[in-house]
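What follows is a set of structures for review.
Next, two complexes with subunit A in common: one pairs it with subunit B, the other with subunit C.
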Partner chain A sequence: MKTISMQRNILLFSFLFVPVLLLLMFVLYPLFELIRLSFTDWNGMDAKQVYIGFDNYIKMFTDSSDVWLSLRNNGFYFLFHFIMIPLELAIAVVLDSKIRASKFFKTIVFMPYIINGVAISYMFAFFYSPINGGLNGILEALGLESLIQNWLTNESIVNLSLVFVSIWRFSGFHVILFLAGLQAIPQDQFEAAKIDGANSIQNFWYIIVPGVKKVLEVLLFLNVVGALQVFDIPYIMTQGGPGHASSTFTLYTLETAFKFNNFGMASAMGITMLVLIIVLNSIQKRLFNLKGVDEE
Partner chain B sequence: MQQVRPRITRILCTLMITALMVPMFSACGSKGSSDEGKTAQPDTKQQEQKVDEKEPVTLKFPIWSTITEDLFTKLDLVNEYKKEHPNVTIELELLKDTEYENTMKIRNSANELPDILPLKSSWLINFKDNILPLDDLDAAKNNMFAADFKVGDHIYGVPESQFNEFVWYRKSIFQEYGLEIPKTWGEFVSAAKKIKDGGKYMPFAMGGKDAWPNYPFNEFMPSLVAGDGDYWSTMATMDEPFTKGQAFYDAYVKIQELYDGKLMGPDPLGVGFDQSKLMFGSKQAAMIALGQWFGSDLKSMKDVDLNDVGAFLLPVRNSESDPFNTISMVDTFFTIPKTSKYPDEAKEFINWFFSDKWYSKYLTEAQLQSTMKDVKIDLGTMFKGAFDVSNLNYVLYKGGSEGYKKIESAIKFDVKKMGQDMMAGKDFNKMMQDMNNSWKNARSKLK
Partner chain C sequence: MTPRLGVAVKKLAVYVILIAICLIVFLPLLITLFASFKTSMEIGSEFSLKLPASFNFDNYGVVLEKGKFLQGFGNSMFLVAVSVVINALIGTMTAYAINRFDFRLKKIILGLFVAGMIMPGMITEISRFTVIKNLGLYNTIWAPIVIYAAANLVQLYIYTQFINGIPKELDESAMLDGCSYFSVFNKMIFPLLLPATATLGIIKAVDVMNDMYVPYLYMPSSSLRTLTTTLMYFSSSKFGSWDYLSAAIILVMLPTLLIYLLFSKYIFKGIVAGAVKG
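Showing the complex of A and B:
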């Protein structure tokens, strides 16, 4: 028996050794290193790293208005993706019903998600372009010249233009997630509701919404993470400009590290983002549970 | 079943341990085999020959410009060098210009810098602890500008080329509107306004979306107004350099006038550099402000009538009696990282690169001016008459002192972003006031 348990231990050790080693090397070590660097004034080049306590964290929130501006811009992504969730669920419900060519529509809806993000950003940069740009061209053709805007350079609308691209890209993915959730709802629940005389709104509210609760949780988490980490769309389309008008927290972190050689501060920003994601997600989870959509 | 499980466990154990051990043994094995290879040299003659021959060396040499890559390919740099140094192979690596500095910073943290590291002047300070002093290098001694860019007491880089900043213009458009080459800032703005009023062409192509194309104005004009190429360092000694009467403020008032005049099309911030370049190339725009390097870009563009393109120096002065300050840039400093395995070979390569044989041929092709004493380059017809201005004064542009770099980093001072804000119509006076406050604050903390 001893040999069997020893063999089991050896087996467990052998199987776990490589993944644990990789985890330690590529996840935990960089994380601890990031935490350590966030307490230094390292410029990314010098061998010297002076420990400065919480100075980077204090400076980030008290002495840098652009951090707040960037976080506000992240807020735009979060808010509009959040608003889109009911619509995405509605689209999923429609696609789940027996409509003609639903497979075709499912493919179309999912398509933007599988296109490369950089390509999408370039595509929309040309679409919004003031010179021979598609959007202004369409408005002109429709006789709506008064609506023509500087979509990527007007500070009051640049974030909305970028958020639209983000929604265009990710909504399809959300719809597919909802569809998966919908298909997991047992059909007999709908049949029972039909016998009880439930209408479609009651079906939606009492069967569908509780049925996709798990998907909703995942989506809300993805929304927080995605909104805080949004990078490629503003980086390629506006580089955070004009000025810092469309800069996001990740973009600002990158700029702090590489443009202004302040790796200590950038590390502090990285840790702050990690904390923000954890805090916002737990708040969201609590709020979501309080609503209790499955409390019938 | 009970008998089968331990057997499976045993087999899996053996497999797993074998998998873990294989790389270890294979590593030992490969060393052993290479040693064997070395000892298995039966021919003593060959051995002697090997001692005479130099060890094969590969020098890694990154570049950030496709134009440079094309020129190196056209002039066959790798083989030209190999002819004289058969044991040395130059390994060129093209990196994206916007990512070059970041890539090198990352490689530096991993001790993986290349053997020859070209840098811009403003990056020398950042990399000074990681590169070798080149004071004794012949190429550095014969260079007209290397000593001007010493960091501390040492020369760390040998600049490859010198160039000026120009306003490139369409001769036919200037003729159409009866315009002369402007000699003062006022004449320059008036010329642009006249073209705008004509309604046919965009006076100025500006790729404001990319931020960097506003550098001839937002980055260089404070130095031009001050007549001080090291104006960033001067600013670092002042508490409120964004005050009326100071060169920075005065220069930015002029720039704001240009941006407010809507002389760069309906939305300069919506246009990237590539689009602005095409607009000038296709004669939709009459002017574009860029360095001498743009000449190579123009040559590579199809359907551009080069005879219709001229260049003049950006006039910043208020009257013709003032000195005509113009920026002179030296660029691409050849440095050698301390981590290079072949510093001697790298030094030899730099000396060869700056030798008359290669250097003249290369710069003539690149249409850039020489940084070496005794080497003169013919710039061709595009620049004809560009330097025929009264009171011409060259202002050698520098990237700023260590003190300036600290302030720049502390307040994230970015003139190109400021340029974007100015184009977007932000409140100019508030911007200057805010900058004064941040600057003063940063200085007091850094003291």
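Showing the complex of A and C:
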């Protein structure tokens, strides 16, 4: 007869073997490989890998202005999504209040997040198109011809055009997160405030903002990770062009690997990105908590 | 201003904002939808928000015939079905083992799962590419399947939360009734987790349907294209003019939109649980 502890061991082994194996092979081993490759000059094909120390890292920071340009573009995504956060919270507050058809509006607001990102990118490529494009046509119909632009080929606005697509796609997601946070605020807080004669601005600052603090923290984290990883919108809509004007760090990294076969350099960029995510988040977290202490 | 008038103005402002949002969401979608029923000539000469002269499906016919979108849909569906099943099995089993038992390697295994979470998605492919290639999975449908199964860490976390909500006394009384650990899992834990599985399965399905880079990188073969990569190849083919491309864009949007409208309740729940995991 099987003892209970033997049964236990068989279960643990059979239940955990596959997931742990998958994790080791396809997530953690690649992570270590990425670190190792970042110190080589590997081109992705040859058996030969020469260790070149920190050369890739040094070259990346000193010799490649396109990396900096791409990183600056990631900054645009970060900044504008950051600016959108108060507006997203306001929309969530509106959707949470007792308005007619709030469920309908909620469904619409979140819809872009669910739609295929590649299809969205092509749709906006059409929308921005200088020939037959929807946006220029609308501007013309409104008598705003002076605003007509080459939205995707003008170096100085291409990033803003792409950032708008990102906002179109992801803002609804943020609204829904805020909404979940709002719904977790106990109703009696509002009732108590009402008795004390609080107005809606006071409600906002003293009940709503602290109530969604946790969501806010999550959002700030997602914004760093998301902005650094922007890829499919520029990849589909502009291929990072014109030149590298709308490239992003992830786009540039993956091109370095799979287009220019410089896996060593791409790995160094990948590790840099990992470090950036960790560093930016801990800075943000510290600032956030400082502010939190001030408020209390 | 009397208080009542103030309330009315406020209400009006709220609806104006909400309707403006709807316009922003729908405008590009409507333009694309209208264009999908227009000829190239009409797109070139007409205002983009003008209704098409007739709702003829010629563009869709060309797209389906030349673009192999049905094959792409089939491949996407296969990936969705396999990934959702694997996800449900691996997710529930791992969560059960980790949540209900104490064992020697537990801390280490938990640490591995947490470490896996910091790895940012697409960057991984630089070094994962060689692993997939050496295993002979490159250009097979199994490449995305193993990647989706391995990159399941967030869902795993949510499963662990759910299982934590099932009282341990239930396990114990079932064991006293003579159940083995395996039948506790089969007859009790797995069925009790079904609501979580439904939510996470729908989220996974949408993720897999919409994923672009993994199928694009690992399955260049034309017979393995998913709905998303079919669209990418179609756009650069000689049929990539806006009349056909608009129809193709709408076709690719439809499946996830349909899932969304049918299951929006589950999707809201799952997305929120996934994001607020931290």
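Throughout what follows, the second predicted complex is superposed on the first by the 274 of 296 C-alpha atoms of A that agree within 3 Å, B and C clash if a C-alpha of one lies under 4 Å from a C-alpha of the other, contacts with A are read in each partner's own complex, and residues count from 1 in each chain.
Keep in mind that, in the parts below, a contact is a pair of C-beta atoms (placed from the backbone, for glycine too) under 8 Å apart; a residue touches a chain by one contact, two chains touch by 3 or more.
Worth saying up front: this structure is predicted, and the values here are computed from it rather than measured.
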First, second, both or neither for A:Val279, with subunit B first and subunit C second: neither
Contacts of A:Leu160 with subunit B and subunit C, given as first, second, both or neither: neither
First (subunit B), second (subunit C), both or neither touched by A:Leu147: neither
Touched partner set for A:Phe258, first subunit B, second subunit C, both or neither: both
Touching partner for A:Asp66 - first (subunit B), second (subunit C), both, neither: first
Touching partner for A:Leu11 - first (subunit B), second (subunit C), both, neither: both
Contacts of A:Val50 with subunit B and subunit C, given as first, second, both or neither: neither
Partner chain in contact with A:Phe124 - subunit B first, subunit C second, else both or neither: second
First, second, both or neither for A:Gly241, with subunit B first and subunit C second: first
Partner contacting more residues of subunit A (subunit B vs subunit C): C
Shared subunit A surface residues [contacts with subunit B and with subunit C]: 7-8, 11, 15, 18, 44, 129, 131, 133, 258
Interfacial residue positions of subunit A with respect to subunit B in the complex: 3-4, 7-8, 10-11, 14-15, 17-18, 43-47, 64, 66, 125, 128-131, 133, 150-155, 238-239, 241-245, 255-256, 258-262
Subunit C to subunit A touching residues, read off their complex: 11, 14-15, 17-18, 21-22, 24-29, 31-32, 35, 43-44, 47-49, 90, 93-94, 96-98, 101, 103, 109, 112-113, 115-116, 118-131, 146-147, 149-153, 156, 180-182, 185, 206, 209-210, 212-213, 217, 227-228, 231-232, 235, 242, 245-246, 249, 252-253, 256-257, 259-261, 264, 267-268, 271-272, 275-276, 278
Of all residues in subunit B, those that touch subunit A in their complex: 5-6, 9-10, 12-13, 16-17, 20, 101-102, 105, 108-109, 126-127, 129-130, 208-211, 265-267, 269-272, 275, 279, 405, 408-409, 412, 414, 417-418, 420-421, 423-424, 426
Subunit A residues touching subunit C - in the complex, by the definition given at the top: 7-8, 11-12, 15-16, 18-20, 22-31, 33-34, 37, 44, 91, 94, 97, 99, 105, 107-119, 122-124, 126-127, 129, 131-134, 137-138, 141, 168, 172-173, 176-177, 180, 214-215, 217-218, 221-222, 225, 228-229, 231-232, 236, 250, 253-254, 257-258, 263, 266-267, 270, 273-274, 277-278
